[in-house]
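Two complexes, one shared chain (chain A), two partners (chain B, chain C).
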Partner chain A sequence: MVIATLCGMGFGTSMMLKLFIDDILKAEGIKAETSPWDLGSFKGNKADIVVAPVDMESHLKDYPAKIILIKNLVDKAEIKEKVLQAIRELS
Partner chain B sequence: MNLKDLLVSDAIVAKLDLLSRDQVIEKAGGLLVSAGTVLPQYIEAMRKVMEDLGPYCVIAPGIALLHARPENGVIRSSLALVTLKHPICFGHSTNDPVDLAFALAANDKKSHIDALAELAGYLSESNFLRVLRENTNSLSLKNSIFSYIDNRK
Partner chain C sequence: MAIFDTILSLITLPAIVLGFIAMVGLLLQKKTAGDVFKGTLKTILGQLILGIGITALINALTPIQQFFEYGIPSGGFETFVTYDEAVVGAVQNTNLMNVGAEIAWTMLFGYIVHVLVSRVTKYRYIYLTGHMIWVHAGAFAILFHSFGFSTPVVVALASVLDGFYMTFAPALAQPIMRKITGSDEIAFGHGQTLLNMLGAWAGKLVGKPEDSSENVKIKESFNFLRDMSVSISLIMLLVAFIGAGLALGQIGTTGFAENISGGQNWIVFTLLTALNFTAGVLVLLQGVRMLIAEITPAFKGIAEKLIPGAKPALDCPVIYPYAPNALIFGLISGTIGQVASMVILALIGWPVPLPSMIAAFFASGAGAIFGNATGGRKGAWLGGFLWSFVGWFLISFAYKFQVFGDLSGLGAVGLGFTVPDAIVPGIVIWGIAKIFGF
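What follows is the complex of A and B.
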């Protein structure tokens, strides 16, 4: 499973998200490849799940992936709940 | 690089009385310019990111993490913090208004990552947020942040 985290630059917000998600996956014993991207570079790439800040929704309308939008990017509980639910739905 | 190395002590300012999102960007970016860690053009670049991509940089309730790209004039990876006397709306759908604004400069895409992870961890702790929000002068804010970090290690 490939999980892409997105932000405008590819190394700030998206990197924070990736690190949190890596922790969550490790704790749950789930194997997935996570990588941070900036919005522009990501277009055309494939991922099963895309995790992004909620205010990026309008930029992600036609993406062929399961889109997860996070409101509070430092709230591990919100990230965990949404990511694990998406993984369950896909598997 | 850890958070203590990234956070510029002279670029931590408490309870500024600012009126707009642009003023916050200008002030937070200006602290990094004064510290000599970014060129003045970095401020405009941060403003443009916000304009182009929207206010997604309001990463949590009340907390903005402003930044632009390494090639926008970053000299050294660094972080500034401005806390606001009056919270300001950035236009975010759920996390407005903002009363804590960080300006991040990264001189490549990797060296700041450990520090950023550390910051993200602290920002999820209510005690740390209390330190950021309750200190009314810059000196006590600085000292409290650094002692919070020291006590953790």
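What follows is the complex of A and C.
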């Protein structure tokens, strides 16, 4: 499974989200590849789940993956709940 | 001796040093052999891709500067692009007199100093913004390099300054961060700190936090600007066509074709120049992305083991969700601040940094959120404006007086630093060095 995180630059917020998600996956014993993406070029890439800040919703409208929108980017509880639920729904 | 020479040339090659740092980081995280190989390789490729982006960017920049030179013949001022990643990338890529390797080693040793300082003082922060770790290591290494020290001395001095910076800048911003986030969980880790704090200080003078920008309803019409390729293209098209227009006014279409475009039609040439610049930035960003992708998790893993319970200092967008309106106010007032500053700089004959959407959005936006935390709506407008207005003066000062040495001579042609956390300490140390006759 590939979980992508998205932000404008592809190395700031997306990297932070990736690191948070890595911690969550490790604690839960789930194996998945995580990778940070940037808004400019992500449409050429493929992932099963895309995690993005809530204000990027309009950019992700037609993207063929499970989209998770995060309201509070530093709320690990919100990220954990939404990501784990998405993984459960996919498997 | 041949082996020694080979080792020496490897440890003075930025791409190899960064690959080495990534490899050690991956080994310490106990990754598989395949992951270690992949990560090391990608880090080295990141540095090489970055170099390609820099070349494209500088090539596109030259005609834009020509536009203004021909367009305002009596102006006598110089224009340049202010972009930290481009400066550090270009200098590191050119690697004259090992300065590129000094940057890479400062990135490693500076982080070690930072972890030690955070461990022994009460300021338990870990700085996790990858590209800013790299940019500050770069700025400080280039600064000390400009005084003519030997490589070990440059790395030692730059690492100490860098390490203290990464611990104390988040500590400085934390009182305001508590106001913004309403908790004490996360810290601010970006080179904007000093000008954001100026916004917070000024905000207190003009308004009250209760009058928050977030009580205002605005439409979400600026969302498309979050895509860098769009926002950079728009601003560069605007700048290029203004410049081309001025040049046409002076030398006409024939003169333009003869002196600037090499015979190409001016509209096509200007359009391609602006978009080539954006393409260069996008390639550069891809390089930065690959360069820091492996190193950031390694630094995080190591720091968390050594300093349990430390607060992570994170990239500026983490504060955006707390005040999205202030962010937009900052984008608008920051653009006004940039233009106001540019006009004054042009009038007094100082080098003029070209407008930057990245600075208006990311920096003035954050400055406005800091201003909003202390002065509400009015503080947000003022914070965003001041960031760009004062920032553009600092940027021009550092470029004019070569605070970081001769950046053009080191490969960063027509490029200057942006972030105040690199420029202000740079000016202080440059000033002290001047007094002592360096």
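As a convention for this text, the second predicted complex is superposed on the first by the 91 of 91 C-alpha atoms of A that agree within 3 Å, B and C clash if a C-alpha of one lies under 4 Å from a C-alpha of the other, contacts with A are read in each partner's own complex, and residues count from 1 in each chain.
The rule we apply is simple: a contact is a pair of C-beta atoms (placed from the backbone, for glycine too) under 8 Å apart; a residue touches a chain by one contact, two chains touch by 3 or more.
Being a predicted model, the structure only gives us computed values, none of them experimental.
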Query raised in the report: Which holds for A:Glu33: it touches chain B only (first), chain C only (second), both, or neither?
Result: neither
Report summary line: chain A contact set shared between chain B and chain C covers 7-13, 15-16, 19, 39, 53-56, 58-59, 71-74
Query raised in the report: Okay, in this complex, where on chain A does chain B touch?
Result: 7-13, 15-16, 19-20, 39, 52-56, 58-59, 71-76
Query - In the complex with chain C, residue positions of chain A that touch it - result: 7-13, 15-16, 19, 22, 36, 38-41, 53-56, 58-59, 71-74
Query - Of all residues in chain C, those that touch chain A in their complex - result: 128-131, 181, 185-186, 220, 223, 226-229, 282, 285-286, 288-289, 292-293, 296-297, 300, 314-318, 320-321, 324
Report summary line: Listed in rising order, chain B residues that touch chain A in their complex are 49, 52-61, 63, 65, 67-69, 92-95, 104, 106, 109-110, 112-113, 116-117, 120, 123-124
